[in-house]
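Here come two complexes built around chain A, the first alongside chain B, the second alongside chain C.
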Partner chain A sequence: MRAVIGDYTIRVERRADLRWWHTTLASVLAIVVSLFLVGFAFLRVGADPLEVYSEIVKYAFLSEFGLPQTINRATFVLLAAFALIVPLRAGLWNIGMPGQIYAATLAAFGVAYAFGAKRSVNVQLPGELIIPLMFLAALAAGAVYGAIAGFLRGRFQVNEIVTTMMLNWAMLWIVAHMIREGGPFMGRTAEGEGFTLPTSLRLPQILGVPLTVYIALALAVLLTWFLAKTTLGYRIRTYGESPRAAEYAGIDATRISTLVFALGGLLAGLAGYHYFAAVPGVFKIPKNYADFGDFSFYGLITGLIARNNPIAAIPVAVLFGGVSGGARFMQGKLRLAFGIDYALLGVLMIMMVAFQALAHYSVRVERQAAVPRPQLELERGESRVESPRH
Partner chain B sequence: MSSLLVISLAAAAVFAIAALGELLEQRAGILNVGLEGVMLLSGTFGFIAAKTSGSYLQGFTVALLTGALVGLLHGFFSITLGSNQVVNGMAIWILGFGLTTYIGYPYTGPLGLKPFPTVAGLPMFFLVALALAIAIWFLLFKTHLGLKLRSVGENPSVAEASGISVTGLRYLAAILAGMLVGLGGAVYSLVYNPVWNYNYLQGWGFIALALVFFSLWNPFLVVAGAVFFGILWQLSLYPELLFPNVFSRYIWRAMPFVITIVVFIVLSTRWFRLRWGATKPEALGLAYQREN
Partner chain C sequence: MPLSAQGESDERSVGAARERSAGRVVLEARGITKRFGTVVANDHIDLTVRAGELHAVLGENGAGKTTLMRILFGELQPDEGEIYLDGQRVRFRSPRDALRHGIGMVHQERKLIPAHTALENIILGHPKTGAILNLREAEREVSALCERYGFRVPLHAKVWQLSEGEKQIVEILKELYHGARILILDEPTSVLSPPEIVKLLESLTRMAKEDLAVIPFITHKLPVVLEHCDRVTILRRGRVVAEMETRHATEQTLAAAMVGREVVLQLERVEVPLGDPIVRVQDLWVRDDRGLFAVQGLSFEIRAGEILGIAGVAGNGQEPLAEALAGLRPVERGTITLDSIDITHAPVLERWRRGLGYIPTERREVGSIPTFSLVDNVLLNYHFEREFSRWGILASGQARELTERILREYSVVAAGPNAPARSLSGGNLQKVILGRVLSRKPRFLIACLPTHGLDVGAAEFVQRKILEAKQSGTAVLLISEDLDEILALSDRIAAIYEGQFTGIVPASEASKELVGELMAGLRRERV
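Let's look at the complex of A and B:
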């Protein structure tokens, strides 16, 4: 496409090759523009957006209370992003993080419940035995719940986007059944909440953050290695590039899609265990658990912005963990309506897609080379009348 | 029992209208997996307009306009920028979910208008859905424009070579589809269940999307599927009618989602998958770049 304005020509062309800095710049621009747009919500209630953002940063990254919260939220987002990334490497979409998170949380609390954890917060139970069991039960439940969608996709070609969404809603209500109106996991005092995990069953902390944070960081490296260097990772990527070619190469579609979804579900399950059974101050299935489930959709955009790279997802997750938590904090302070962090999520998502698409185009502004204007010159010997020599 | 049927048809209208919109654009080769987002945006803005103005007409107008705009946006990403259509659809869905959660929250609660009128005891929008199915069938299979739309969805370069503007027709399809999907969303939030809540749509947009896949891109099968799901959902919302005191009410709320998945599995026979592959618009979800 070309537009000419005065002496300048603006040329928009599709890039033949997309370099890494193009996409990085696109992601950064998407984040900046989104924060700018959401700033209007603050402006509407008479607050200065710049001030609000500096307060968000101060709260989320510099304050004693906000920083651990940011780390814990970021870990949740990061694990949810992994749950998207692994299936997406095989070209499949896992948007079933909420369902897998709830399934894992129910399993973890189920183990605690089986050992009589509901009796009292102070009940003494052998944590060194039960905590690993809870952890493994969470991973297994997430994996199994995730694998359903993968198996159906591989075996029956049922669209995985639709299935995972249905599974989310089904699990949402199953959790409600478990914690509300006399359900087995209902807390002893509070209506509509799960029981609180006894102190003896809480995951130990290192340097003020739960162990799961370190596990998530280690997983970023492990996943990168797994996807890039192992045979299985290679098969997953081959299937993602072209399912048909993969099938000719002897890669079983059902097995691959079940596997990637089981892995995705496992990672989402870890996110569920992390937030509900390991983060200080929570240690139960809260009343607004649905809200946390939907918060895992930040993992979706984190995975997309990081372009399926588990390590690149870390800084993105930290940013979103902080900004979303800080926005919640400011929302309370400025008496904004509920959901400013979701508004940011929506705007981010659309901006990310727009800028990633625009990264494929190059815009060049060229100054028009001064094209010599054709001058009216009389050819020699042409004029017959005026010449005095005649 | 007859009132159950009526409310089922009202639910069916939501599924049918949204799915018919999606069918129209998929026939032209555009895949929008973000129906949920379009329906949330149109449904919420329509709800706010109707609630503040007290008029259904304004509500539906706003919903249609919103749908058209979102369709245009999705079209711009998918047609002009030519980026991955599944990602675009996801973005539309998350945008709808995020924005409506924030914007709609102050309007939480019932609409507060008198119930939408019915025609001869039947929900009006079910009749609209039937009329739309006939109209879309006629458009796609009996008119010249429909032939062009379908050719754009099957083989855009051949269509372009025979003098059809692929870009223009795809934009037309995307905008029309956005309006229909948006209308579906407004039927949910203004007629079927006129109460605004956090994430009130419960994944119905995704069910409508699945309906299009399972209809083999046939408008009449879309309506039939919509009626089936409408009845299914109402039965599971009023389980006492069939199975009193079997499960807690929360388990019954989970049931329609589980049954939806089971239905999809049962439908996905080998025979169906072969037919599916044969009828699928060849260029569905693929961007088209004109050669200069």
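Let's look at the complex of A and C:
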């Protein structure tokens, strides 16, 4: 595309290849533009945008309560993003994080339940045995629940988006059945939430954050390596780029799609285990469990913004984890209207996705060398009569 | 050594000889120049086309044909030069604008809606087609066009059901229905079988008689040009190197002008002593995507060092046959054995491991992945080998070395082993695919349309490599729609028609006429 304004030519061209700094710059610009735009909303409700933003940052990243919350939420979002990224590398959409998260969470709590964890918070159980069991059960259940959609897609071409969405609903009702009144996992207070995990079954922490945080960070590196360097990763990418070329190369569609969904489910399952069985102050399936299902969709946006790159997903997840907590805190502290924190998050997400798309284009402004205007050559002695209308 | 252009006086005599109303200049391009950055794609090109003439523009890939074509139908604006229509200077701002002036364009890729009927596609976008479709009237008009030019197309069939030749005719009809008087055709013969080409050219000749000017742009298929076109303009590296009447030209002079050196137009078959049978196919039945039997009871065997050529019009079961042999399509009945081992239902990888090599028709959709590097593309045929995947980790050094070797041995023009496949021209990409498959030293090679769409030089190279494989004892199944290629390379030729062999003849007995009749289903030999 080209537009000429005076002596200047503005060229907009699609980039041949996108470098990491293009996307990074796009994300930073997106944040700046969002903060600027949402600033008007804050002005409208009578708050000083700068104060708002500094409150958010102070709480989310500098406060004693806020920072761990940010880290734990970011880990949850990050793992959910991995659950999107792995299948998406094979060209398949996993929208089933909530289902997979709760399949895993129920499995983990099921193991604890089987060992009598529901009796009391103080019951002494062999954690060194049961914690790994809970962990593995969670991963396995997430993987199996994810694999259903992948198998159906690979074997029978059933649309994976529809299947995963339906599996989400099924799982959310199963959770309701398990933790609400009369359900086997019902808590002692009977307030529609699950029983609290005994202290002996809680995942150990390092530097105030649960082990799962470190696992998630290591996974970012491991997944990047797995997708780029291993044979399986190669097959996943091949299938994602061209299912027909993959078939030609002898790559089995059913196997690949089952595998990527099992992996996606496993990663989502880890998110479930992390938040409900490892994050301090939670340790149960809460009443508002469905909200966390929605929260896992932040992972979807994160994966898209990070352009399927597990490492790039880390800062994005930290941003969303921080802003979601910080904005809610700020809204309460400054007594602002309900929902303004969501407005901020929503604008941020839209802008970041939009700017990622724009990063594909380069804009160049060129100044043209002034073209010498053709001079009318006049015969000597000839007079030139200017038109009266010019 | 530009060949001398023919003078005006000659033109008269030819016009008289052919009894056409040729003479009136309808389209003239003068000094067309187009630069892309520092590359001069078109360098002062002159082209004069008269009413009633078939005027071919010849040139290799990259000679500037596409640029010229895009300028002529308004998709690009020339940097310099003028276009005159009936003596009037014109400037096209868009293809729509060009069509308003009567210039129609038929692209090499089809631009039709597969789920709609031929008729619906033809009338789509016509100003007369308002909110309410008057299909009956439109059908009358389109039928009249068909009759006038001798086209036969089922107007009410959905486009996906049509053969490639029919689809092309639908595109031509569409342009005519929208009022084109000058028709530009991009590689019109590239997707057609010999009988379809003959039919198309007869229609085009008829159109030319009706005071339409037809300008096919052609990369290969020189005999076609000689037989049916009146004049040719030959481009090389963005310039007109010759303009001549075809009756003064031979295939050799045309090719030499295009390439700029003498070329071997068609390699000769090499006789090697045949070995044991490698592949045996017995009573093979295969369904196509619609569930119909596309391959109906085919039986054949290929021996070591032998090339069996399958000659046929596109869509007569060649593709399902190749896919069934490669394991990409289930076999309903019959058996396939490779080295006496039954592989009828074997998975794809087992076949590759047992020595199958397969060069698919669709280079960019199946044979390669455009966004992948050449190394990753080479791995498509190697990722399952132990040397290339140790402990589940790709041996990238190994793969890189192999890729570099292929690039060297096949003189591929590429930025390097890490260049994405999409940056390669069709010919270079085909060399990579061929090199990758042949580097496995296959016992049995299936080559589908290996030189399709390649320019003269690359085609020669690919054919030479296939002959080399044959000499080293590979059994080759060559599927091609280029009858000349089949006749030149094969030891035996099987003609396929509606999923059955109408004959398998040894090369010594095969003539173009005989095989042509067999593949058109007009004649049957005892198979």
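Assume the second predicted complex is superposed on the first by the 351 of 390 C-alpha atoms of A that agree within 3 Å, B and C clash if a C-alpha of one lies under 4 Å from a C-alpha of the other, contacts with A are read in each partner's own complex, and residues count from 1 in each chain.
The rule is simple: a residue touches a chain if its C-beta (ideal position, glycine included) is under 8 Å from a C-beta of that chain, and two chains touch if they have at least 3 such contacts.
What you see is a predicted model, and the numbers here were worked out from it, not measured in a lab.
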Partner chain in contact with A:T238 - chain B first, chain C second, else both or neither: second
Chain B versus chain C as contact partner of A:L167, first or second or both or neither: first
Winner by number of chain A residues touched, once chain B and chain C are compared: B
Chain B versus chain C as contact partner of A:A343, first or second or both or neither: first
Partner chain in contact with A:V158 - chain B first, chain C second, else both or neither: first
Chain B versus chain C as contact partner of A:E247, first or second or both or neither: second
Partner chain(s) touched by A:K229 [first = chain B, second = chain C, both, neither]: second
Which of chain B and chain C A:V282 touches, first, second, both or neither: neither
Contacts on chain A seen with chain B and repeated with chain C across the two complexes: none
Contact set on chain B toward chain A in their complex: 33, 36, 73, 77, 81-83, 86-88, 90-92, 94-99, 101-103, 105-106, 198-199, 202-203, 206-207, 209-210, 213, 248, 250-251, 253-254, 257-258, 260-261, 264-265, 268, 273, 276, 289
Footprint of chain C on chain A - complex, ascending: 229-232, 234-235, 237-238, 241-242, 244-245, 247-250, 252
Chain B-facing residues of chain A, complex: 14, 41, 93, 95, 152, 156-159, 161-163, 165-174, 176-177, 180-181, 183, 290, 294, 297, 300-301, 304, 337-340, 342-347, 349-350, 352-354, 356-358, 360-361
Complex contacts: residues of chain C adjacent to chain A: 326-328, 347-349, 352, 358, 360, 362, 365-369, 371-372, 376, 379-381, 383-384, 389, 392-394, 396
